[in-house]
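Below is one structure. I have some questions about it.
Think of it as A, B, C, D and E in the order they're written, each chain with its own count starting at 1.
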Amino acid sequence: MLPGMYEFHFELGHLIFLGGFMTIGAVIGATLLITLFRSTRIVTVPGGATAIEKESTAGVLHHVGHTLLRPLAGGTLKISLDDLGTRLLGRPDRMRLPKIGQRITEGADAVKLWRKQSAATIVAPVSGTVVETGGHDDKWYLRVLPDATPVEGENLMGAAKVRSWLTSEIDKLQAILSSEDLGLAMADGGEPLPDLPSAVPDADWQKIYSEMF
Amino acid sequence: MILTQRRTTILFFIIGLVVAMLAGWIAVPAALYESIEQPLGFSHVVHTSDDAGMECDDCHHLTSEGGFAGIPKIAVCVDCHEEAIGTSVDELKLVEEYIKPGREIPWLVYARQPDNAFFPHVRHTRLAKIPCEQCHGDHGQTETLRPLKRNRFTGYSRDIWGNDFSGITTSPPFSMKMSDCVDCHRKRGVRDSCLACHK
Amino acid sequence: MGFSVKRRDFLGLVGGGAIGAALSPAPWKGLDDIAIWTQNWSWKPRLPRGPVEVAFTHCGLCPAGCGLKVRSVGGNPVSIHGVPGHPSSTGFVCALGLAGRYFSYHPSRIVEPTIVGTSGQRRGISRKAAVRQLGDWLDKARSGGGHGSVAILDNHPGRVRSLAYRGWLATLDGVHIKGLREDTPINRLRTMLDGPAPELGLDIARARTVLSFGAPVLEGLGSGGAGAHLRGRSDTEKPYIVQIETRPSRTARGADLWLRIAPGTETVLALGLANILVSEGLYDKEIIAQQALDLDGPGGYRELVARFSPKQVSRITGIDAATIKKVARRFASGPAVVIPGVDPGGGPLSAEAQTAAFSLSLLNGDVGRPGGVVARRAIPQEGQLADTVELADVPDGSIRLLIVDGAAGGCAMPTSLLKRKLNPSEGRVVSLSPFERSALHGADLVIPSTTPFENIDEAGVPIDAPVDSMGLTVPSMRAPDYSVDSLSVLSMVAKSSVVPTITELLRGRSDRIHAGGRGSVFDPSKGESVPLTEFQTNGDLWRALMGGGLWTDTSAAFTCPPFRLMGANAAIRDRLPQALEQPSTADRQAREIVLMPFGWRDAPGDGPLPPVMAKLFRETRLRLDSRFATICPKTAGELGFAQGDKASIKTSLGSITVEVVLDPAVVDGVVHVAVGPSTEAFGDASPGKGDQPLDLPSCKNDDCWRVIPAKMLEVVS
Amino acid sequence: MIEPLDNRAPTRVFLPWIGFWMAIFALGAYCTVLCLSQGLFHTNMNNRFGFGIWIFLDLTVIALGAGAFFSAFLLYILKKQALKDVIGAAVVLGFICYSGAVVVLAIDVGQPLRAWFTFWHPNAHSMLAEVTFCLTLYLLVLAIEYVPLILKNPSLSKNVSLLVFEGQLHKVVVVFAGVGAILSFFHQGSLGGLYGVMNGRPFAFREHFFIWPSTFFLFILSAIAAGPSFLILINKLASKISKKQLVRKEAYDFLGRISGWLLLAYVGLKSVDTIVWINHTAPASGYSASEFFKEASFGTWILFAEIILFGLLPALVLINNRLRKNPLVMIVAPLLVCIGIAINRYVMTLQSQSLPTLPFEEFVLYTPSLVEIGVFGGMLSYGVIVFSLSYRYLPLFPGLQQKAKT
Amino acid sequence: MTKTTPKKRYGMVIDIDRCDGCGACMVACSLENNVSVVPAGAAPHRGLTWIRVYSVTNKKEYPDSDTAYLPVSCQHCGNETPCVGVCPQSAVDVDPKNGIVSQIPERCMGCRYCMVACPYHARYFNWWDPEWPEGTEHLLNPGVTPRMRGVVEKCNFCHGRHHAAQERAASEGRSEIEPNEYQTACAEACPNGAITFGDLADKNSEVAKLAAGPESFQLLKSLGTEPKIYYLTQRGWVRDMATRTPLISKGQSHD
């Protein structure tokens, strides 16, 4: 197999044959290693694990815009940011919520939040009328009376689907973060970081918000 | 805190390193080989001394067909030891247990190769003029017979792998693995097919 | 500071361990050992180790007695080679000889005496008990019967051991029975000579014509390699070989002329040839005029053969008249050898066929002529000896105790033939054989003896040897403790006489040879012969013989004595003309066939064989064993059989199941089945006696089982 | 505890199904132990038949498993999005075929422990060395491609590291698709080369282009023609058994069309190859082609069946846009394709050995022993089990998911 | 630096007309090379016969019927050796010094590709564990290692004897063996002298002269494998049956 071993001959055929296979083996090995390395790196993206772990409550619907729908008494729904969404914004500097009685439409802009000169636009997960807004700091919410029950929609999902979707979202985030060479391998993996913009201040957060929400 | 963490990690790393190296260099070889005593004590020095006056090839000669006779049969011992010479335990054992009943002594061979290896001693000693000591060491000058170290897994004598567990031997006796044969053959420009040395 | 092991620390430990291990030789050595282990497969035998020792001996497996070079390691022969320049075998060893050392370890070898109990089951007993039992039976046999009630069947008569048997039997009024061997028919010729006859040999090598009636001339008959010499010599000096045989045997294939004779018509052909010799005046007129006692006159030979006209003979034998004439003329053109063959499985020709065949030799003046039948000089013998008879001459039911010597004879015999000779109620058979199955099925008592490579004995003098010789089968393996020499058994039971040991006997003959001062001794290690006179003492000769040497006698001139062309036996003489009454080959009835058993020269019966012989019979179909029946496509077609079919061959005594093999060279109406080897002959773990063709024949009035009427039926499964 | 996907068969239906196949698998495992522990005398192979049904089976499943690399190649490299529906099933099928083939190969060789020699001291001139290298590497690639599928199981995707790993693998799948295509190309070819290079076997020997005999290319072409057909068959079978529409019609159509055209090309080249062989290659070795087909068991009918009945006919059917719309045709035609490829592998493996080259040797027919069939059955059941489990626990069919959601 | 030794080409000439099918060569070969015996009931073609004597008849009736015996062993092909190129693990070896084609059992993994590739059916597989009756392992030839189950074996011109000859020569101080010192077991055992073994490259050797003679031919010569076993016969039907001629010119087939 290698020079010096029996049956290794310095012949063109041998060199091409073994060289070819070693190259292919090396490509496979290298790709695998890179993938593994990248996978270990993303674990250090703060809060990823908990972001997914937390989203396993039954009865809660997720929207692809990183909002949660929690059924409340009287057929109303409570809309809030999901865990990943919360972390992405950390503690917003400024927010603009719809007014009570205002109608919101699924897929249309509903809430706007600012953090460090970057703005995130949150779309409504459901069409309906806002009956209550509230919260402070990062814990804002909307209470909405939906137009139709049961609440359905292509962009809504239950607990069963949410994990794979969230993974791809984290993937997406990781892709953006890794593309920017931010030296992310900085802290122990798995520790929840509630405020990502503080942890990674150099990232292009405007881009992240527009991609993620 | 972070610094302490690093330090304990380094400590553990070193512990792992040292333990594994100790195991690899000392414990494994000790466990891998079993030590088997020869059936009888034998002194090459006494036999080749001026008193006994024997030459190496009195016992380790070539047969009529050119093969190597190896360790002599009891018939050779009988020539001198028909009656016990002296009173040592081994001497009495030789006469009582082997010579009188005519039993062969089950000597253990340090350099035993597997069945499929063909090693013509005569080609190496007579044609290539390689001294016996190159592979067998100063066995001919020993007072006693060392126990045979047998690999529990493969059944091979340790002499085949070489006395140095690292597998790197720089002075005789050299190890007797196939790669050793090949190295020497390549050095001497002998290139052969498999069946030249395998049967 | 609180100390707790974190995951990191553990990783550190593992990492350090891995690097540490990699820096030590252990894992690399481990990989190497595993690599070795995958190549070193333990489930194969270990080779013998040690220096190779070379010795010389003779083979005791068949009458040829070939010279052997034995290479041994640690007392075990690891290879056998021929001895170039050996006066008799000239470097030849046959397949069986090469492998014969495996007999000693044959799985069917018996390791203790066995006896058949009252229930019919065979059980082991001690040697002491076996000898006591033999003694009891001996006493009983002697008290119950007269002459011949005790007998020894000797498959290798003529050795010094046979002389010891005869000496012992003389004290018991017993008889010494010759086992069947390829040289047995020579005795027929001796009886045709008037007065005491010397030992005779067939000088095949110098013959101009060899007329073989089914003898395996090219397959091992006579001395080792004789057949090969006949083939290999250039056409001008080579004898012209005429093979008279039904089967396309290897000899028939290799002969100069193969006469495919109809089954059982050899007598007719022989007398037909005589007819031409007489009618055309081609016989040796001088000798016939001087010595023939029964040529002319009423009931004379001339009158007999006149009836066997070529046309008649052609009708019966299926050989055309022109060929018969051609053969007769060739035969008369010089010294010729006639061999009434003994087939290793098919047995001898009928007595009248043997007589008719040998009458050709006498007619041609070949007795006493080089290239014909030559006489061997004898070494004087001493003491009183019992009669030697042939089995055919033993009255039925006369034997009360039959002791079977374990020597290999080379020819198989039907069970029924021996059984007939035993006393129906009290007949006992004691076998002195290393194997359960040799010589005779169901011996009442078997005392294990040695195999040929373990015991010293005299090698044979082959049928084609012109002179006497002495070579020893010097043991090349140690005889196991459970085996015993046959003479030791006799000396244990003998009460009134002293039985000498085999070594004493051999030494005695060696000394007598030395005293005779004739001949020369071959030294196998040098490959050359020296005159006997150069051996100063008898001890020198003995040492040479023990070193594998061969003494050969000098030849002497021999003048043919008066003889009877039709033999001395009136019964046989009367049967000769009856041969004409056989039906023509064309008269064969539909669906009626004959079974002709045959044997392989080196694997004659159902006895054990070295496992490696399976290569010839089982791993290839180079030779067909008793599982196959060869038949011509025409007959098979008539009977509704095709290649590969299973068939049952049925005779009056039973049936065997065979696979049909078609061969267009086989004669119509005949099915050939080999006598052995049986499937278990090669020492497989699952013994179980298969049906053998020799269990089938019933020998009614003569001792010939070559042609057996049979039916071939489909096997209904 | 790993849970099945939402809309899969209930356990009381699934258990007997899988139990049945497990029983067959156990039988196969027993036969395997017999062969490995006692020797290959349990088979009916002999010195004239060094290759038996196992090699035939290996060759066939590897040809049929070509759907995996070819689909991946079309989807990831040539961006044929129609194949998105079947790629999961294709990967699982490929993995089953290749892993099964490797295991059967390990039983088939007398001393599997020594297989490392092929890597350590390879004979670069041997087609079998090439096959071994490619097969091992490609099996690794298939396993890597299989991993993301496994990780998509909801129970497993609870573990974020695995999830992340899966996402990362997705990104490099194009690399593996590319590598897989190269490896598959070569080992499908080398499997054909296996026979074409045997200069001592006039029945198998073929003309060479550079170092490769024509069978090298024919095997590649036939494999990529049969792979899509096999995918159609298996997906249809799975749909039938699960009573669900698993794959969209467009995917079937695409697969059918591509299979048809490739097969047509193959049949054309195979015919040219056969004509050259009959008129040129075989006679040059001293054998007239008629000798090869004189035994009834391997008469010219087998040539006709291989090229026309199971080659040209399904090819013509599959390239016809109208016929492809017929669901029955879309079962029968791919089935014919697969049988045709199996016949080709059978002929190359077994007929080439049945015919003696020595004129005085006999024609030998070989029938597999029960143990061989047992191992065969074991491998088949292994495939069914792995596919069933994959279907039950893994989202093999993205199309199905979509349907369930809406 | 490679020592310059005269290149040998060991080969054999088998005179079919002398062979009477006794099988001594098969037995001698098996004993010499410790070839094991397969169990009873083994199916046809499962035995181990490094040299195998085929018996071939001309399928004619008496008196025209004729039988030829053809001993076939490994033909030690000299060109495009079919088995060498196919072995994936280099277990088939050709000795560059003498042209002997060998099979290394310890390196063989038993894929049997070489058996399929061999046109002479001269390679044999160990379907069983090799077995000798108890005790007979002491009778094995110490010069040849027995093969294990699951590997291919074949004739290697009695390489154990080649070793022995070399050893004997070395004990006399010679590095090369004399022609008469090395004979195969089959050649030695053949009672009819049908097998002549020797160096084909030595033009004066008996074997080279016979091989060059007009009666010699090679099995399946048309395959272009150039066997180093030659056969002799005067019988036309045997020669016609055993040899083949290309039906078209071979030159065209290689482009």
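Keep in mind that, in the parts below, a residue touches a chain if its C-beta (ideal position, glycine included) is under 8 Å from a C-beta of that chain, and two chains touch if they have at least 3 such contacts.
Here the structure is a predicted model, which means the values were calculated and not measured.
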| item | value |
| --- | --- |
| Starting at chain C, fewest touch steps before arriving at chain D | 1 |
| Common touching chains of chain E and chain B | C |
| Minimum number of chain-to-chain touching steps separating chain A from chain C | 2 |
| From chain B, the most remote chain by mean C-alpha position | A |
| By mean Cα position, the chain sitting nearest the middle | E |
| Farthest chain relative to chain D (centres taken as mean CA coordinates) | C |
| Centroid spacing, where centroids are CA-atom means, of chain D and chain E in whole angstrom | 38 |
| Approximate Å spacing (C-alpha centroids) for the pair chain A, chain B | 67 |
| Mean-CA-position distance for chain E and chain C (Å) | 32 |
| Residues of chain A whose C-beta touches two or more other chains | 6-7 |
| Contacts with two or more other chains, residues of chain D listed in rising order | 111, 114, 121-123, 125, 129 |
| Numbers and ranges of chain C residues touching at least 2 other chains | 39-41, 46-47, 49-50, 52, 74 |
| Chain D contact footprint on chain C (complex, rising order) | 35, 38-39, 41 |
| Chain D residues touching chain A - in the complex, by the definition given at the top | 6, 119-125, 129-130, 133, 137, 140-141, 144, 152, 154, 157-158, 160-161, 163-172, 175-176, 179, 182-183, 211, 405-406 |
| Parts of chain B lying in touch with chain C, wherever the complex brings them together | 4-5, 8-21, 23-25, 28-29, 32, 63-65, 67-70, 73, 104, 114-115, 151, 153-156, 161, 165-167 |
| Chain C-facing residues of chain E, complex | 18, 20-24, 26-28, 30-32, 35, 37-42, 44, 46-49, 52-55, 57, 59-63, 65-67, 69, 106-107, 129-130, 132-142, 145-149, 188-189, 191-193 |
| Chain D partner contacts - residues on chain A that touch it in the complex | 1, 5-9, 11, 13-14, 17-18, 21, 24-25, 27-28, 31-32, 34-36, 38-40, 42-43, 48-49, 52-53, 154, 160-161, 163-164, 167-168, 170-171, 174 |
